[in-house]
Amino acid sequence: MGEVNLEHVSKRYEDVTAVDDMNLDIKDGEFVTLVGPSGCGKSTTLETIAGLTIPTDGTISIADREVTTLPPKDRGIAMVFQNIALFPHMDVYDNISFGLRLRNYDKDEVDRRVERAAEIVQLEGMLDRMPDEMSGGQRQRVAIARAIVREPDVFLMDEPLANLDAKLRVHMRTELQRLHKELDATIIYVTHDQAEAMTMSDRVAVINQGELQQFAPPLDCYNEPRNLFVAGFIGSPSMNLVEGVVDSNGLQTPDYHIEFDAGQFDGVSVDDRITMGVRPEDVYLVEDAESVAHPTSQIDARTDVLEPMGDEIFVYILTGEGETVGMDAEADDAHQLLMSVDPDKDIDTDKDVQIVLDRERIHLFDTDTGNAIAHGLEFTSVEPGPTSTEAEGDD
Amino acid sequence: MGEVNLEHVSKRYEDVTAVDDMNLDIKDGEFVTLVGPSGCGKSTTLETIAGLTIPTDGTISIADREVTTLPPKDRGIAMVFQNIALFPHMDVYDNISFGLRLRNYDKDEVDRRVERAAEIVQLEGMLDRMPDEMSGGQRQRVAIARAIVREPDVFLMDEPLANLDAKLRVHMRTELQRLHKELDATIIYVTHDQAEAMTMSDRVAVINQGELQQFAPPLDCYNEPRNLFVAGFIGSPSMNLVEGVVDSNGLQTPDYHIEFDAGQFDGVSVDDRITMGVRPEDVYLVEDAESVAHPTSQIDARTDVLEPMGDEIFVYILTGEGETVGMDAEADDAHQLLMSVDPDKDIDTDKDVQIVLDRERIHLFDTDTGNAIAHGLEFTSVEPGPTSTEAEGDD
Amino acid sequence: MAEAEQTQTDGRQQAETTRGPFQRWVQGSIQNPERTYQAMFYVVTLFFLFTTLFPFYWLLVLALTPREAIVNVWFLPKGFNPGVFIEIFEQLPFHLFMFNSFVLALITTAIVLVLASLAGYVFGRLSFPGRGVLMLLILAISYFPPAAFLLPLFRLFTGNVELFGVSSPMLYNTPGAMVLPFSALFMPLSIFILTTFYGQIPDGLEDAARIEGTTRLGALVRVIIPLSAPGVATAGVLTFISVYNEFFFSFLMTNGEVQNWAPLLWGILGYQGQYAEFYNLMAAASIVGVLPIAILVVIAQEKIVSGLTAGALKE
Amino acid sequence: MSTEQTTEKRQQGKSGAYAGAVRWIENLSETQFAYLLLTPALLLLAVIAFWPLLSTFEMSLRADSLRGASQVGEFVGLQNYTDLLTGKLDTVALPQPFIDFSQPFKSALIVTFIFTIASVLIETIIGFGQALVLDQDFRGRRWVRVAIIIPWAVPIVIQGMIFYLMFQPGIGFGANLTEMVGLTSTPLANSSSALGIIVLADIWKTTAFMALLILAGLQSIDRSLYDVAKVAGASKWQQFKMITLPLVLPTVLVALLFRTIAAMRVYGLIETVSGCTTVPSLSCLVVTTFSTRRYGTAAAVAFVTAAIIGIVVSIYIVKFRDSQGGF
Amino acid sequence: ISRGQSSNPNVVQWAADDDVRTNKDAIENALHEAGLDDNIRLEVLAGNEQTGARQSQYQRWLSANLEEPDLLLVDSGWAIPFIERRQLLNLSENMASEALNKVNNDYFQGSVITGKSSDGDLYAIPLFSDFGTIQYRKDLVRQSGFNPDQENWATEGISWKKFSRVTKKVLQDNQNIDYGFTFQASAYEGLSCCDFNEFMTSWGGTYFGSVENLLGQVGNRPVTLDSQNVIDSIKMIRTFIHGNDAPNTLNDFEGGIAPRAVLSWIEETSRAPFSNGNAVMHRNWPYSININGAPKSEGGFGEDLGVMPIPYGVKSGQAGQGLGGVASALGGWNVAINPNTRKKDKALQVLEAMTSESFKLKLFELIGWIPPEPGLLETQRASNVPIMGRYVDTLKVAGQNALPRPVSVVWPQESGKIYQSVFAAYAGQESPQQAMSTLNSQITEIEEYNE
């Protein structure tokens, strides 16, 4: 029904390659999220699936039927556009019901469905408003309603929640997931919100400069990023990445040494340049480190800037003699680590502290190719995440 | 220079009151964020400040000069629009330099400033693209550059980062803060991103249905929400809110009892209906509660749905005999609590657990008026947050 | 602020005696540029009104002046003869000529809008080989004086052209003989107008419509045309009025009998003698022929715009 | 999801042929689709415009036939053209213009250009002004619109009559005015003043065309761009210059293009106001030659006229190729 | 195939004008009274009133071989090109000889030749004639001491010199009158066919050497536009317009009696000031006699309107070739038959009925169309016609001195050159000598080119 397959799809504009040899194999009923930096080709990928852009190369099939050049209306898809694209000359009701009326649904059915969709996006009283009489978020919700009212096999959604407030976003997230289940539809979703990508998707496709970087369940991307790009991109704030050189018993970074047996990993030899990655939540103050089974040796550091977030505090710490960092200067990555601590923690700027890293959660990447070498220097017997859905990346 | 004052500003459309008797007193150089649900009047408020909308009532002054009906060009402001609104007939360079060219800056100066702005928004190579050749995020960055290049006294920014990916967003956040410092400009900022509101602003204005709910530093809003609306709105995921009835020695909710001396708080008497609020990070499994100075008595519960987020796991727990909740059914708030636990935690769905709440972090609200009664049932000597900027709300 | 106000008041008191109302107005305008702008706006509007209406007013003066008194006519009618507006109907079935013109214009406008919409869509929104050449070819039609078409067309419409032994239909004295040339000659303008307007609609909206399930043509009808409503209406109005007043083919493709679809022009010229020119009648007839149409067109234009916009909604 | 499909199926069943056609159309390539949509218009133009033009062109390659019953004489190739352009036909076949240029063809050219430049330029400026006024919201706008459209609805015959009578000595007041300001007392009998009057008459009537088109262009501009400009500090004039003007430019260009073409073909107005001899235009030449039954010559003149217009248009197109909506 | 004819075989379609259509029933009756079969009925097309437009219209109809209209009203000014191209039915071959003889013998010869081919066959019979005459304010002229009635102005005319004196005197006596003599000197067909033709001929000049040659064979006739008589006539008009002090004028004539405005006037515009009492003398066609001679109660001048032939510059005896003396340009319309008609017999019957006296007089009464037959103008019935009846004597004189325009296939070409040159000379843009010698060579060139 709703399988979507991209084989070697490329889309080139005059001087840009927006999508570069993309292969995606999306199962029926799957919820797939495309993430990647601005301009990496997410929208273009969706457009080729929708039939709005004919790819320069490659084939696209939906439900085992090749559709590469088929007009959009015959692909059985609905789409929420990044630029919202409401019909400015129609009121909300007409915008939402547009696709249904095209298909000559009878009036009652249209009414029923529109009402239901309006309820889902919480726009009940606004059916006769015109788009220019609405706020940005309201418009976006109309765009979502316009897509879901059609109940097709495949949904394409390009940042559908970008303009919504946190609460509504959580609500919409739930609603979309429910819809996903109820309709058993395939959803291809573009978002910049990590929480969305993490919570909603069966698999995440990480794209950079038109190229697919990793296509795997969200926690796999988080815990086992396939390369430096994915490591840096997934997770907010991002993983600390520190370059170093392999020596006989580990990795020497400018300011400290991480011990491991270089022979333990394929293809790593002494004097290789390797990048070590560790997420802010895996950096601990020594005093809080009792729960860590395999801490590194202590590292002397100094707190720099604090960013209290309410439910946690981000602490920028300097491990070497580097300049002050934080938001004032481009940080020299090698001397800086970001750490997240409990909001109750009594911590202050410019204090000397000792920190440790969780060795189980240290990642190693080949600095030159960017490819991952290892995720975790030690392993406990516990499985990685509590309910990680069927772990099946493509690497 | 950049003080902005709204006095009793209202804006009514035919059947909607978009802004309702708004009073804001923004200091020179302050960074103020407007938050609130979609359609609450944030954009409209900005528009009245910009002079694009003349308020139905009230006066607006900028830099001590009344500007209520002054045309926008005489107000010394720059603005990033929620709908981006790039000039379709101009390339990126011309879009960005628009305001400068209006003022007949000389060519070199324009070039210099445009380059600088393009650098800040990471659009260096794209100055000769047309808007329709760019991705959503790229367009938004042009819109930002167009505003910052002007370096005025007051910036108005309506969700300027909505279309950017997490990494770029963090980068832009830092850049905006640096700009804020450098130009010493007043910034009024609309966002749906809690992290943005929390980290960037000196003060946050929480708006609901056109009415100002609280106008205070972000941590104050987080820690001492003035009413139920603010409590539920600020923080993601939101605060757990459970209704109950006051009895002689505390609050009786459907499933458990929270002890306190009712007399301790003004205007609270037995049989009053009160809503208890507690944030997910202040709900603990009994075994993790050793760090909590004043826990409540244990509450029996059962885990329901788990949402692993990477750096933490959200656990929906049921305190009573209620139906399953999570994303499948509208939860009955009274029987449900959301808890955040460490990602390493070995936790599973449908297990019986004991939890406690941190009494220091329990909030009480009058159910009928919504107003806050108390923040914390006990107080330790520690100050609330580590570096909370000058704590001065308006309540 | 308060200080400034104070000095202003002082100044005003001092000057009260010497300043005339105009000076005061000027002073006020300098302080309030919005007011200057408003005033300028009204002056300009009045100027436009005067210049466009004056010749028309003079036409009215001509109409009301009895025929014999049309000598040295300045700004007032010499004599007052409102009966002229009845006389024109007594002399000729002028309303029928108007009706003919109206029908011809309506049919032509409909044909032109449909064909030009298709062509405008193609030229405005698609790119394909031959686009530039075709546009130039279509434009080139307008380079030719209408006379260049006349002889062959006349032969065509009077059954004098044979192709494979079949002679062309006798369209002379039928609406076809006028509607076809009108359509062909006014179409290039409409095509170009619609090309620009359709070309400016953002792709996103057409994309959205196509995703929702319209065909390419469906998107044209439901989204692009409604969104270009001002342009479509203007193309329609320009075509309609041009046809209504057309003087070349109107004149040549019918023998002037009202039952043979002779249009307005024949009506107006019907008040002309070989030497004797009934200027007052012609003037009156033009006012009758033109004023209701102008008003109708303005009302219609608004309706067209809202109608097109609404038409996309309802099935 | 299945509902959608069944409905689609139902539709298909209802009119399979129609659905089939739709499907066929949708699956055409962009080029095929383009040509399909152009077919009706091109068909009409082929029969009603291109074929007659070809036939007229053929006529232009033949000699005049003044005496016989047949309309044209023997085939003479391009002789009509060469005779025309070398001035050989000036005396014997073309009406002599009133303006005292020795060659009628040249004077027609000059008159046509003067008329075109003067009228189109002024009409564009005034039309823009009128459109800007009509684009505002004010009470009575609808009636101002009627007033501005009225001249456009006036038939050329009447337009000509108004100005003819207005400037006819002893009939209207115009001649008195021109005399008062020290010009001629018979403005319509004098080429330059008659040309001025014709330009005036043309401006009166056709400014509405410009105004209407430009107005439509103005109305299609996204209003939120003005918000941006206002906040960026643009004065009204700057908003006009930097937003309004470039965004209506494509429309203005279309208007300008067609006005220029129409102005270069001016005939009816001249005929009714001053007569073709006083103010000879290219089209005058065509029509008068046609009416003297010199069909071969007339056809040649018509094609030369078209060629001249074509040259002017090409200059336009080359000049404005870059501004959008172009070719 | 059907080519748009009316289905009724007894209805003859006649392309005429609005006057005919308005009076269609009366005309039909008159035809029946004149012996036309009662079954035959008329259908009238009111063609364009602009003669040039109507010419083009017929041109298209006949070239497209339309079968209708059956009868055509053709301007005597342009019937000949159609005849030359044999686009009209040859009446000499088809019409009954009785009617043919009547036309050939009794009609104004000036009118008849406008309907004949160069080999003498008749293709169109005159329906009515028009002659240029001078209308004047008899009351004012009398007041200023002149005696038009005693001096028989109406039939004998006066000299231009006298004309100028009379006009000048009346103007001087009536300060409230702005204009003396109003006529048509705009650069248009009417100048070459008529006004200039009249002025020139009355001075003994002509286009092609003699009056006969006016309709002679193109290329085989002398062009005589540079003769002194022609130049004198121009000088006279220049005197009238510019005063006798201006260059190239006749000093012994009274000058300044015509406004410069005549240079932009045609029939109606020149008539307006006269009708309005603002001019003394006025040259025009008979239609305007009906207007100006209307009773005073209806806004005309009634009996105060005088009519006389166009004055003479030289007496008829003084110039040869039938030149000099009073001369009136000839207008009027003829009737011809569409050669493609399917109702030839019926059309011929109608045409024959039109030659009857009663019918022509009836037209005179109905529409004021002057019978193309001098004899009829002498009848009592003609004199009894209101207004026009008073002036039949003058009309008869004018008709006998009528000048056809020199119409030929190249006349449109020549006409254009003529009115431009004449205008230029009248207006003073060129000297009469220079203008006429240029014109003479241009006309010669055209004549030779199209021989």
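Here the chain labels run A, B, C, D and E in written order, and each chain numbers its own residues starting at 1.
The rule is simple: a contact is a pair of C-beta atoms (placed from the backbone, for glycine too) under 8 Å apart; a residue touches a chain by one contact, two chains touch by 3 or more.
Remember, predicted model here, so these are calculated numbers, not experimental data.
Undergrad: Pick the chain whose C-alpha centre of mass, unweighted, sits closest to the average of all protein C-alpha coordinates shown.
TA: Looking at where each chain's C-alpha mean falls, the closest to the middle is C.
Undergrad: With chain centres defined as mean CA positions, report which chain is farthest from subunit B.
TA: E
Undergrad: Please identify the chain with the largest separation between its CA centroid and the CA centroid of subunit A.
TA: So the farthest one, by centre of C-alpha atoms, is E.
Undergrad: Top contact pair of chains, counted by C-beta pairs?
TA: C-D
Undergrad: Please tell me the distance, in whole Å, between the geometric centres of subunit B and subunit C computed from their C-alpha atoms.
TA: 55
Undergrad: Per the centroid of Cα atoms for each chain, what is the distance between subunit A and subunit D, given in Å?
TA: 58
Undergrad: So, what's the distance in Å between the C-alpha centres of subunit B and subunit A?
TA: So the centre of subunit A lies 22 Å away from the centre of subunit B.
Undergrad: If you average the Cα atoms of subunit A and of subunit E to get two centres, how far apart are those centres in Å?
TA: 97
Undergrad: Please output the residue numbers of subunit C that touch at least 2 other chains, ranges allowed.
TA: 70-71, 150-151, 202, 215-216, 269, 279
Undergrad: Touching at least two other chains at once: which residues of subunit A meet that condition?
TA: If we look for residues of subunit A contacting two or more partner chains, we find 71, 73, 83, 103-104, 150.
Undergrad: Counting only residues that touch at least two other chains, what does the list for subunit D look like?
TA: 26, 71, 170-171, 290, 324
Undergrad: Help me check something: in the complex, which residues belonging to subunit A touch subunit C?
TA: Per the touch definition, subunit A meets subunit C at residues 47, 50-52, 71-73, 77-79, 81, 83, 85-90, 94, 98-99, 101-104, 146, 150.
Undergrad: Name, in rising order, each residue of subunit E that touches subunit C in their complex.
TA: These residues of subunit E touch subunit C: 1-4, 15, 17-19, 45-51, 53, 57, 60, 63-66, 69, 267-268, 272-273, 275-276, 278, 284-285, 287-288, 291, 299.
Undergrad: Using the touch rule from the top, collect the residues of subunit C that touch subunit A in their complex.
TA: 202, 204-205, 207-216, 218, 222-223, 226-227, 229, 309, 312-313, 315
Undergrad: With touch defined as at the start, can you tell me which subunit A residues reach subunit D in the complex?
TA: Of all residues in subunit A, those touching subunit D are 1, 69-71, 73-74, 76, 103-105, 150-153, 183-185.
Undergrad: Residues of subunit B touching subunit A in their complex?
TA: Those in contact with subunit A are residues 13, 35-40, 42-44, 82-83, 133-138, 140-141, 158-159, 162-170, 174, 177-178, 192-195, 198-199, 218-219, 222-223, 232-238, 279-281, 291, 306-313, 327-328, 340, 342-349, 382, 385-388.
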